[in-house]
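Dumping the structure here so I can ask a few things about it.
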Amino acid sequence: MTVLTTPASAVRLARQGRPIGEHIFRITLLSSLIIALGFLAMLLIYVVQEGWPRLDSTLWESMPSIRRPETAGVQSGIFGTLWIIGLTALMALPTGVLAAVYLEEYADKTKWYNKLIELNISNLAAVPSIVYGILGLGIIARWLDFGFTVMTGAITVSLLVLPIVIISAREAIRAVPPSIREGSLALGATQWQTIYRQVLPSAIPGIATGSILALSRAIGEAAPFLMLGAATLVRFNPEGVWSSFTVLPLQIYSFISQSREEFHILASAAIVVLLAILLLMNSVAIWLRNRFQKRW
Amino acid sequence: GGGDSNTGGTDSASQGTETNAAALTGEVKADGSSTVAPLTQAASELFGEEQPQVKVPVGTSGTGGGFEKFCAGETDIQNASRAIKDEEKAACDAKGIKYSELTVATDALTVVVPKENTWATCLTTDQLKKMWEPAAEGKIKTWKDVDPKFPAEELKLYGPGTDSGTFDYFTDAINGEEGASRKDYSPSENDNDIVTGVSGAKGGLGYFGFTYFEENADKLTAVQIDSGNGCVAPSVETAQNGTYAPLSRPLFIYPSAASVKRPEVAAFLDFYVNNIDAIAKDAKYIPLNAEQTAKLKSDLQALKSQAG
Amino acid sequence: MATQSRATAPGTGRSLARSRPRYGEFIVKTILLIAALISVATTVGIVAALIEPTIEFFSEISLGEFFGSTNWGPLFNPPAFGVWPIIVATVEITLIAILVAVPLGLAAAIYLSEYATPRVRKIFKPVLEVLAGVPTVVFGFFALVFVTPLLQSWFPFLDLEAKNALAAGLLVGVMIIPIVASLSEDSMAAVPNGLREGSYALGASKMLTSVRVVVPAAFSGIVAAIILAISRAAGETMIVAIAGGFKAVFTFNPTNEMSTMAAFIAQAGSGDASVGSIAYKTIFAVGSLLFIMTFAMNWFSARMVQKYREVYD
Amino acid sequence: MPNLAVRGTEAPKNAEALDPVFTVSGLSVFYGDYEAVRGVDMNIGNREITAMIGPSGCGKSTVLRCFNRMNDLIPGARAVGKIAYHGEDLYGAHVDPIEVRRRIGMVFQKPNPFPKSIYDNIAYGPRVNGMKGKMDDVVEEALTKAALWDEVKDKIKQNALSLSGGQQQRLCIARAIAVKPEVILMDEPCSALDPIATTKIEDLMQELTREYTIVIVTHNMQQAARVSDRTAFFTAEVDEAGVRHGRLVEFDETSRIFTNPSDKRTEDYITGRFG
Amino acid sequence: MPNLAVRGTEAPKNAEALDPVFTVSGLSVFYGDYEAVRGVDMNIGNREITAMIGPSGCGKSTVLRCFNRMNDLIPGARAVGKIAYHGEDLYGAHVDPIEVRRRIGMVFQKPNPFPKSIYDNIAYGPRVNGMKGKMDDVVEEALTKAALWDEVKDKIKQNALSLSGGQQQRLCIARAIAVKPEVILMDEPCSALDPIATTKIEDLMQELTREYTIVIVTHNMQQAARVSDRTAFFTAEVDEAGVRHGRLVEFDETSRIFTNPSDKRTEDYITGRFG
């Protein structure tokens, strides 16, 4: 092939002094991401370093103590947190997913009451957690007379995270291609059969992600429990839903409030435990997401 | 749905001393002031070694929040850093909750300054009032404003939160009226913040319980208080014998008469009272003197007999 | 044309009528509706919990005093009920948080959506989501014992107090970065690729395409993300309670200790104020105000997002 | 010069469509206030292949989806006029749309297998319809009829998404057959497929027409010419108010439509002068 | 019998393509390890319309996107061989892809106006390219050339998404013209449009070819026959290893391709026996 000399278009295709702004922009973006994650890294390093002396088995084998912080543990807090998370998962996740199914698959979006439900859910997602504490105290603990029990705490937190579950489950359900629904309906399946057997299984990865985000939030909340006046020093594990309890974040808060240095070390160690539970849950989410996405 | 008590033995409660004959079960709910909580917490821990089946959760809803629950019959023991107020009495009466007031320890409110502060070794109650009274707000800005002899170092005030009994007591004792205080100080629920705040500012001053001072004696100096009878430093002795005035104060628990009928509550209270010295030390408060201890024991007996 | 003949049509022998009853569908729909209505019940519950003490509060304290003064101290003697100091603190901390979170979060979102390879995105997004799950007490603790001392030693001239709005706001900002980043990234990813290609085909660079095509097209989603982040920041309790303090003095200086509305509720709610007292009712009045503020903001943003949607679709 | 090979010329099965499965009269379809299709009359003959052709947006899919009431699922969609299925009004009050869809199967433009195994894809329809009997046999039979059995019999438990596009589309046909429908509707079943896969699907349609009535929408005139017995040509007309409505222009034997259309618009369209 | 109206027969502009804009030799395109297109040689003549036709998946879009380096944006995509633009290697080290795209415009299958006003859509390109001068004139000129000015001149500040599909596609062409490119690439520009809009775009292409070189990918043989000067027919072939690769089968004047193709596969395709 003969290489022809360029005729009319004498301007060649070479770079014509493109600004270095392009590179600066890219680097700025990347550093923003790194700064955000840098905070996380710094925080992790700090608490691990601070809590290091107490990161041993007594931490989860013993009960908290005001007398001997140096050998105290946070077992009751761990169990309390696990109880709350478990119950929240049992209550908030099914309710949230069902509500999402209603809104995505059944609700006629032109009806005022469905619009109201939607607006209400997005509003609730923004309501401060301390206000949920007021709700829990006034309505659940007192009015329903559930007292200051695991049940009250779990219901309060469930209501707190419910909007998150609903919103993310809706996203996941919406992401299931309509062709799957049509395919099922065209075979004579009913709507619920279609949802239960096609839509929900396909939406599992998205629902799982949203659920874990919601439970992560539930794990870390202290403010509603503060309002509920959950006991801070509890030297026993909850035995049931009507038992008194405490949760890790609240214990951490009370440790921070103590003046003795040992309590601060203990607080850092407890934070490491809390973060470990959090990371464990997140990895489960990622595992679920990847596993189910691979299959489908 | 509270933990209803079920008993191992009915005899255990009334005999005052060391009743570990039968294993008890049930739950003794305590709530209230976070200042008093360490005492009840320490009691709960020690009691747990004797009666491991009895659960004693200790909440820290504050004296006010605690009284609300207590007068609604939701808790058995109320920790209070101040005496019950009239409206709270009314609430308890309305629900038919009977109780008595037990003084379990003494606290000496300690006024602290940082180590760098060399001028304020002793302050009169008038000087304190001048710093803290509502009228001082925005006016008394430096130490020099308090007393011309002091340097013109900026005055930075730290104290417990306005909702605490400690605050109420201090304002009453110094400013003459409960709750009357300048607002532009740094309040904190967390005494540790006061330690940090005061030790970090040369012109800092704050107050809190004696315990916290002892733990931070390396960072802070305790100011001697002169209420007209010369300078007195806070200490166990001066607090117990009442010479550290007007800043030593009693700490209370309010057991409910109805709850005392339950053997596990009675056993816990017996334990509490009988070991009050060790408990106060463990909680880092100033223990009662012999006379006060005797009164505590008789008060508990009176409550029990009232409960029947 | 065939008129409607009997159900036993020729060639099929079976009618098209329902062969078996299907009550199940109805029951299912009812259960689903109930699940959706729980959220409405929640709102009703919140209002019910707040309304009575709030009304009692305002029967004693006039709206004029509540909103007309800058002197706040419901627990002092004499008490003062000018709510502005805690509103200012709330707004200021929220502002600091937004100043931190919006640039960082948006930049991170643009990076993840426009620049990162799928593998990088797959790693970074979950890590960012971990940041969203870090308990707020932890952020508060970190702000108090690490960030504030750090700032004090780096910028001594700021004269930072041991508790201050700056460190609290900073960490609230870090807490909401993932909300901004993750939701914005979602809406940028939803921008049809055709728009990007259209821009590249005109000789636009990646930066111009991101800034002038993708971001504007995803605008409604980004606004929604920011509004949600603002609500979270305004209502955040533990970080401000631990690191921001409780001093409610009317000031705009973020190096000072400040009490936000949420911090006030937490403080007074766990304090020694006696129930039924005016101080106690103040908790509910402030709670109502905070609830109304977030609700209004969200409602407003929902409207705005809807308006933009109309423009862009 | 190219010449369109027309199946109709070779074997027009029922010249008069004596045995109509669907009788459509005065059918108009609305989306909200918009009348997408106006006044359609046509009969679909038993065990024939009827093709619907026409430019984009003329309402082919809309009409097709009326035949198994898939349009019910679109909020605001509404059919006016009459469609009788074996003489029974398809939109009658007592008619259960779910039963309709079971009896009148559908295959879509883009193959849409469920993200399950091949086996489960086929078994799904019979299962949700509460069919009893040996599922293995049902699956094998359906796959055999869809000319897919030999290709997949060794990997029946494998995920259906791992099949090629053409195999997926045949799977979708097999899935539709498995519930033993009476009619199969196909909306551009080959437009996502390569030529080889297309040929296979076309052969399959010819095969299936022994047992089933087939209605197919296609963009591809060559395809209509090759496979169908009858062809309906739709187009979009602008009315006085400037609104576009789909209309049925001509409906006749495929051979007639492609060799001697009676309408000028049909001729223009198939000779490529238009669209 | 239908007869394809062929533009090429009427006016073959440059019988020998003496003045090639693009010289493609030995072009293969990979997506990762997959060789999607193998060994393409073709020349694109100046101020001609070149059509690329062939069954789905044969690599038409892939080749087209090499001409303005849009493939660079697909992770893993890689072109091997040579494409010279006026003799200059398009993939040379010194070549700036952004400059390439400015000089070689592109119009996509689905109209993709930015969600901005009509005015801003047109002005976007000149602005990002730092062009000076009166923007109003640039906008008017581009819209006029794209035969859209009269229809939109009164609502120039209105959102472009409020236009009809055909108008949107002409807007996209106007947008491409506004940066004063030398070549316009079009990837199935009419497949989302109705027949009337299609006719308008085709007329526009004829018009534009006075000033621009146009390369168009189309599924619609009638369209290729109507508008193009030269036609390239691609198909997909399965190699020994069972992998499908796109190949250029025949490249010639449109009139020749449609009346007297030299390759059997081309003939099969255009007569509809295939695809």
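For clarity, chains are labelled A, B, C, D and E in written order, and residue numbers in each chain start from 1.
Convention: a residue touches a chain if its C-beta (ideal position, glycine included) is under 8 Å from a C-beta of that chain, and two chains touch if they have at least 3 such contacts.
Note that the coordinates shown come from a computational prediction; the quantities given were computed from them, not determined experimentally.
Top contact pair of chains, counted by C-beta pairs, is A-C.
Each chain gets a centre from the mean of its Cα atoms; for subunit A and subunit D, those two points are 47 Å apart.
The geometric centre of subunit B is 84 Å away from that of subunit D, both derived from CA atoms. Between subunit D and subunit E the centroid-to-centroid distance comes to 33 Å (mean Cα coordinates, whole Å).
Here the CA centre of subunit A is 14 Å from the CA centre of subunit C. Residue numbers of subunit C whose C-beta contacts span two or more other chains: 22, 144, 205, 269-270. Shared interface positions of subunit B, i.e. residues touching 2 or more other chains, are given as 34, 60-61, 65, 189. In subunit E, the positions touching at least two other chains are 98-99, 103. Across the assembly, chains come into contact as A-B, A-C, A-D, A-E, B-C, C-D, C-E, D-E.
For subunit B in complex with subunit A, the touching residues are 1-3, 27, 29, 31, 34, 37-38, 41-42, 44-46, 48, 55-61, 65, 69, 74, 189-192, 195, 211-212, 215-216, 282-283.
Those residues of subunit C that touch subunit E in the complex are listed here as 117-118, 192, 194-205, 208, 212-213, 216-217, 311-313.
Residues of subunit B that touch subunit C in their complex: 33-34, 60-65, 67-68, 81-82, 85, 87-88, 91, 134, 161-165, 168, 171, 177-181, 183-189, 193, 196-197, 200.
Contacts from subunit E toward subunit D in the complex involve residues 1-5, 55-57, 192-195, 198-199, 221-222, 225-226, 236, 259, 267, 270-275. Residues 1-7, 9-12, 14-20, 22 of subunit C touch subunit D in their complex.
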